[in-house]
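For clarity, chains are labelled A, B, C, D and E in written order, and residue numbers in each chain start from 1.
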Amino acid sequence: MAEQAPGVRIDGLTVVYKTPAGELPAVRDVTLTLEPGTITGIVGESGSGKSTLALSLLNAVQPPGRIAAGSVEIDGLGDVTGFAGEELRKARGRHIGYVFQAAQNSLNPLKTVGKQLLDLGRSHGVEDLRGLVREAKELLGRMGLDGARVLDSHQHELSGGMRQRVGIMLALVLNAHLVVLDEPTTALDMITQANILKIVREVHAERGLTTLVITHDIGVVAEVADRLVVMYGGRLVEQGPTREVLGSPTHPYTKGLIRAIPRLVGDIAEAQALPGRPPTLATVPKEGCVFRERCALRMDVCDTVDPQAVAHGSRVVACHAVTVKEHA
Amino acid sequence: ACSGGTNNKSGASSGGGGGLFTTIDVNRPGLEATAPANPYNPKGNSFPGYTAMKLGWVKNHLTDPNQALPGIAESWEIAPDNSAITLKLQPNAKWSDGKPVTAEDVKMSIGIAYTQGSTAFSITPGAAGAAADVTVVDEHTLKITQDMANPSPKFARGVLDTFVLPAHVWGSVLPADFWDQLKASRAEGADADKARETITGLGEKVLTFAPPKDTSAGPFVLERVNPSEALLVKNKYFYNAANVAPAQVKFLNYTGNEQIWNYLTAGKLDHAGFTAAPTDVMNRIKAAAGNEVIKGYSPVAVSLAFNQAKKPYDNVHVRRGLAYLINREEVTKVASPEGGTAAVTTTGIHQKAAQAWIPDTLPKLDPYATDAAKAEAEFKEAGLTKKDGKWTLADGSAWKVSMHAPAGFSDWLSAQENIKSQLIKAGVDAEVVTTADYPLYLEELAAGKYDAGFWLMALGPAPYDIYQRLYGASNGWTNVAGKVKHSEPGKAGNWMGGPEKIEVDGAKINPGELTGKLNSATEEEAKPIMAQLAKAANQDLPVIQLWDYVNTQFVNNSRFTGWPHDDEILRMGTGVLPSGVWIQLGMIKAKS
Amino acid sequence: MITGTGIVKTYKQRGNVLAGREVRALRGVDFAIPKGGAASFIGESGCGKTTLGRIIAGLETYDEGEIVIGDVPMSGIKLKKRQPYFRKIQMIHQDPYSALNPTRTIHQTLYAPLSLRAGQTGRSKEWIEERAAEVLSMVGLDPGSVLGRYPHQLSGGMRQRVVIARALTVDPEMLVADEAVSMIDVSLRLGILALLKDLRERLGVSVLFITHDVATARYIGDDGELYVIYRGQVVERGPVDTVIADPVHPYTQSLLSAIPVLHGLEEPGEQPVTPLESLDESKSDEGCLFARRCPFRGERCTGERPLLQLTEGVPQEHACFYPERRNVIARPMSEV
Amino acid sequence: MSATLIPEAAPAASAMRRNFWNGVWRVMKRKPSRMAGVVIIAGFIVMAVVGPLLLPEHLPGNASAITQPPSWDHWFGTDPQGRDVTALVIKGSRYVLLTALVTAIITVVAGTAIGLFSGFKRGRWDTVLMRLTDMKLTIPGLPLLLVLATVWKFGNPIQMGLVLGLLGWGGVARAVRSQTLSLRERGFIEAARGLGLSTTHIIGRELLPSMAPYIAMNMLIAVTGAVYSQVGLFFLGVLPYESDNWGVMLNLAVFQAGAMITPNALGYLLAPLLAILLLTLGIVLVVDAMDEIFNPRLREE
Amino acid sequence: MTLITRRLAGHLARGFVMILVVATISFFIINNIPGDPMAARYEKLVEQGMSPEAAAQSVKVLYGFLPDGTLWQQYTDYMTGLLHLDLGMSVSRPGTPVLDVLTDAAKWTVLPVLAGTLLSFLVGIILGVYAAIKRTGKLGDALAISGSLLHGIPQYVLAMLLVVIFATLIPILPADGTVDILFEPGFNAGYIGSLAEHAVLPVVTYALSAYGGWILAMKSSVVTVLGDDFILAAELRGMKRSIVFRYIARNAILPLFTMLALSLGLLLGGAVFIEKIFNYPGLGWLLISGVQDRDYGLMGGAFLLITVGTIIANIVADLFYTVIDPRVRSGEEGS
């Protein structure tokens, strides 16, 4: 029972999907530590394996996918990759709250939020269902909603932002201290997005959580995360404190990505698109660096050897060019 | 001329052995749970012979239409000139509620029969064989006289073939002044028309009358009906109840012959009336435990009738040619091996009756034995030509014999299919076209839409009935109040379209008028006319007689015995359930 | 090139016999986009951006107002005859996948409009083929490898380029890009924006850019105008950089303040305005439409509706009784 | 800006335009059952077209071998006229398939036209047409046919197909309309309109190909429905018949030959039943592949 | 007005119009039917030995019930009768109002159809869920194919096969009729047992012919729902399997309600074959016998009643849908 924010250690995690072309890795050899009480943000483009990684935290990779190697060690729980059945189910919800990608659709359209809350309570053997409802109302109130009304509503009666808040409420109401938010603001309006991000930050602080935020929008990470993790083609290419990574990216992909962000201020001519296109499961190079085809710093070694994640101070980068430069 | 049989009431004590008797009313597909126990209602739950009693049970004698087995009338006397019949009722007859059956009941029943139109009790002015007067002589005796203006030799048959209904149940249906109205309707003029209209109006009332519960004078009374079965229980007041073997009777419903086959092959039915069945099925029926087929006489024959308004069927040589081509033995074998015997020739009469009516003429008629050469000669005579082995019309256009039959008449269809292949083999193109159902078939036939179709004929035993199928309304002759008129082909239901006068043995005769004469002729008077008509039918061939029906009955010996094998008994008239008559006569015994 | 005045659009939702519902999507919008110019519409979801864009592209009718294309007022032309005018204005849809027929190859997709033009101008088949290759090159695609393919065989960015190429086949004078990059991978987004800008510069095509992401609006061209729309009304209108740097309408300010600051690259401005809490769910049409959510609401706001106007000391048009500069902008780290 | 304008090349392997039939072949190959379906249907078509030509116009009967059980000479035995049942099934297939063809054409043409019109025009026309369609779909078809059969003697396969087609377009119209409505919302239709392409082009080139699988599927469903209804009507014996077809065979087998009672006639009953089952199977298997055949994406995966 | 009553009112209005249209159609079709029931009756009487004149009179009495007057008058009479639930008199069953005959028969159609629908619905959805879950496996494939096949096989083929198997080859079940008359009607084991025994084959045929449709629909519906985010979300929240299953089931069954109406309509239509083959005296059977007896009133009435049944089924299914699906419920209530 972790009453405090738990730490998470992901080690050598590889997740594969079965496709007509065989089993292909969507997440390959990822090693990552979530420090207790921090917000970690994972960015990456579509198909880079973010959701797959997040699901692995709950050992919930959907078939035809499976965790092929590695472990996910969560404080107070152990290695969840070994969990199964009831044990796994109980861990979900109670220990790990998950806010679904497109949380707008994460509610049963036929039941009111309140009924689903009760279902959740019953599933986890909560005796004091009234207490649970009270807690839920409080959380909703905290997020600026009228709890009673929301609990009495069906999904379709709530706006996108409201649904997302309900999703967060359901992730937290059982007192989970590890929360995973998969694209919490995609498809939301700017203003709603800003609101949700504010709530994430505040709730994180108030309840003492360990939070993982997944997004393809660097702005979102920049807004909330303490640490920033960049994924590309199933590989973790760079990680470090958010400000540092944004301020001085080292991996060529991170650099390109940041340069490609349309910005509100500054010289627009500085901004440049990355050439090429992001890989899909089938087009990810089997060996060598996943990014090499779009990389300006490509070297011969990149074609054959997958660069290892190397720590450079607070930063971890997986790039031959960077490693060479550091050591030079 | 003759009187009814004996009353078996003192019969053996073996009756009443109990048990369930299972049968089927082959005349009436589709039991109707909501229908009343009313014998006049076409769906009525009334089973003649079982729950519904008639005065007598008429028989299909070869020549005498007035023979019958006793029913409610224990015996009767018919005046030699057919002018009257005196009925003596069963002295012990009682209704199922215990009330006695009286002459008043019978008189009322006759009144009811008037409203429905019956052969003897008709309000049509001048109708042949109509009764003139009904007199109650005493409680058990009635006398009914015939209107001798247009007498009919089958008057007594018409009287005997009348349902008897309980006056204490049905009395309300007839108004008090009914008999006066009836008298009025006899006259002519506006008042009579009005009276007839009133009586016809009563007819509807009668038809729909629903007695609260069945009150039967027969051996059984209706207990209940559901859409698939009807249950009858023994009427303990029945005059011969002691000899009625079954305690209960179950009538099974059916909608198609295949169901009856099914029941029969399963050995379920103790008795079933005539049902056509294909050979294979028949074999299985016969093979089922206890099943037996008994055969009797059925005064019906089937024929291929021509529409002579259509070419080339207007030419007698074409018709004859076809007659020479069709192998009737084969047709019968394929279509009705059990229920028919191939017609020896075309006489218009069932072959059995023909032996009795025209024994001398019969051998002189052309049997139309299959003979391709003769057929060819006839066709040539008719001006047809044969090209590449195919016969074409005189003008060289194609000729196709198109035969029609209603769907569901399986024996007819089989027969036509067989004729078709026979004809095709002989170079005459042919086809079989079905019509959805019988009503439609009749309508289209009457409208002259078909070249050729199957037609029932030789409906005995009354001579007039036999020939009016060939030389009656369908061939242009209408008989109103004894006066025969001929109408043109295509008019007034004349679809056969034969000529009004036919040359027979060199002399021109008018077959319609001759047929009309049969309506009032005695047996002896009728015989020469019959001979003449038989010759006409044989030479002119308005139809080709194919087979004569055999009254094939199915019985099962596992539960009951005593099935009649006597020809006389088996000549039961239609519209009756013969097993009911056999049971009430005490013939049927339960097997112990 | 195209101007509109007082465009009003009201959707009547039928479907129920007894109760109809009206959605006032546009409430009298004025706009003017010069030849070769650029404009951006921003605003939150449901404010009417797409509706306006579709009206401009001739894909939707309007209830009131006047649109003038070139110098031809549309009111003088029958509904069915307007097509040739509106053909000069092509729409680029948000979702590049649904914008391309999945059962047709790129070649077929481009061929149809080109052959129509070839028919009108009496040009040959070869011209069609040449032109197809040309428009593809214009959007930065290799005709040889793209022509024979089906849309699903292309990436999102390539598809969006094909969509643009298809629009170019009719030599448009204006492109209406409705959230044209929101469904495209982050690393490729800028490519499309740059392409649009490039087309503007090279071909003189005007671009109307519809988005709720203010930052992307800048990339079409800094000489463009920004229209901030709120509930069917333009509440602020002016040169892009002016509006971004000095928004005067509280709604624009809120919108801008909602944009995440890229900590590490830039620093938040000094006086951030609190982002708006929630949507205004009231259907009230009284007074200023924004009044109920406005943190700076004054007395006048509930009584009357402010109209888009220029006031002294403010360079851009706005529809607010109490325009005031509030510093919401983020600054690049380099400047800090 | 040059960086953005470097032509993006697609992976070279599949640069060639794919041939539709190649795709179809691939789809078929993917599941052998589909091949079986195509073979079955092709078999029936060959049977209907060629079969009757090879057989004599009037099948020879044999009065001494009526209603025989299956044997080497007669695989499904003989009918009550002593004719070979297998030959009867083959001859009968023409009627059945011809009716099905006519039905298919009418269903597709009427259904598609009405569905397109309704979905395209929307508004009042749509309401009226859809009410009509609803009504048609609500009125139980078979009883209606039965009632119609009393006035209208669908004499030959063409007429029969006509009636069945006129009764059967409802489903296709519905499907086409809902597809039209949903495709209308898709960008490419709007784009085509914006580009000034003609309505004919939009309907013929853009809409119809996208709807082809639905139309084809609904057509096949309508066709199976038509086959059942016509065979059923003949089976019930409410229609006059002039030529042999499966329904007539069923009717005669049950009501004339007593096939449900005597094993001798079982072949007579089972042969047309098997033919119907086989045809159904073929259609089911082909329908299964329909979506993939028309969808280039699924076709190539 | 609540949504339900509003929808109900709309449905009833539409249903009413539809009934009028169907009645009109059937009236005019029926008035054009060739074939003469009087001639058939006459023939029959003559064949039974009645003299032609007597037969003619008898037929005249019998068909005194046929309506007369101009076509338009007959039509208005028919329609006004209809409004008073009077469908006229049966011709083949003189004196019996068509409605009585029909209501008597209706139970023999409605009950087996409902039983068959329910049975197939239950079995179909359970196996459908199974087929969806095992959709990649051999068994799932087999279930789906069997579903398509059964869905494709015409009812009469199924019915005949069942008769051949269970009544001819292994005669263990009755293949005709409704109940053995020997059992006293009422609530007793014998009677009910007999009823049930006779209903087995028809009900099974209905069920089998509908089952394929359900299994396919349920499968595709479950597959859709399984792909819905909220199911994964529920799992990720650690909901109990049983609860997740309920979520799937309820959401997957919902769209099937629209199908339910259609299926009921189809089965009602198919009653014609099944009742014919099993000699089950329901509406379809009556319709055929009406056609064959040229009983215009009965035919039109049976057709009308079958249509009304379908309309009612539609209305009920839609209302059910409205009650269950909160989206529909509030979607129209909003504002």
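Simple rule for what comes next: contacts are C-beta pairs under 8 Å (C-beta built on N, C-alpha and C of every residue); 3 or more make two chains touch, one makes a residue touch a chain.
Please read all numbers here as calculations on a predicted model, not as lab measurements.
> Which chains does chain B share as contact partners with chain D?
E
> Report the chain whose CA-based centre is farthest from the CA-based centre of chain C.
Farthest from chain C by mean C-alpha position: B.
> Using the touch rule stated at the top, which two chains are linked by the largest number of C-beta contacts?
B-E
> What whole-number Å value describes the gap between the mean CA coordinates of chain B and chain C?
91
> Roughly how far is chain C from chain D, going centre to centre by Cα mean, in whole Å?
One centre to the other, that is 48 Å.
> Measure off the straight-line distance from the CA centroid of chain A to the CA centroid of chain C, and report it in whole Å.
32
> Taking each chain's centre as the mean of its CA atoms, how far is chain A from chain E in angstrom?
A distance of 54 Å separates the two centres.
> Residues of chain B touching 2+ other chains?
262, 408, 436-437
> By the touch rule stated above, which residues of chain A touch at least two different other chains?
Residues 272-273, 277 of chain A each touch two or more of the other chains.
> At least two other chains touched by the same residue of chain D: list those residues.
Residue numbers touching two or more other chains: 4, 6, 8, 149-150, 238, 254, 260-261.
> For chain B, which residues count as touching chain D in their complex?
Per the touch definition, chain B meets chain D at residues 256-258, 261-262, 265, 277-281, 283-284, 330, 333-334, 407-408, 410, 413-414, 417-418, 420-421, 424, 431-437.
> Can you name the residues of chain D that touch chain E in the complex?
33, 131, 135, 137-144, 146-151, 224, 228, 231-232, 235-236, 238, 250, 254, 259-261, 266, 269, 273, 276-277, 280-281, 283-284, 287-288
> Write out the stretch or stretches of chain E touching chain D in their complex.
14, 18, 21-22, 26, 29-30, 32-35, 145, 148-149, 151-154, 156-157, 160-161, 163-164, 167-168, 262, 265-266, 268-270, 272-273, 276, 284, 287-288, 291-292, 299-300, 302-303, 306-307, 310-311, 314
> Looking at the complex, which residues from chain B come into contact with chain E?
Its residues touching chain E are 20, 27, 30, 32-36, 41-43, 58, 115-119, 122-124, 127-129, 152, 154, 158, 161, 200-201, 203-204, 206-210, 224-231, 248, 250, 252-255, 259, 262, 266, 300, 408, 436-440, 442-444, 446, 456, 459, 462, 464-465, 468, 472-473, 479, 573-575.
> Name, in rising order, each residue of chain C that touches chain D in their complex.
Residue positions touching the partner: 57-59, 83-84, 86-87, 89-91, 93-95, 98-105, 107-108, 112-113, 116, 137, 140-142, 144-150, 152-154, 157-158, 161, 163, 166-167, 169-170, 190-191, 194-195, 197-198.
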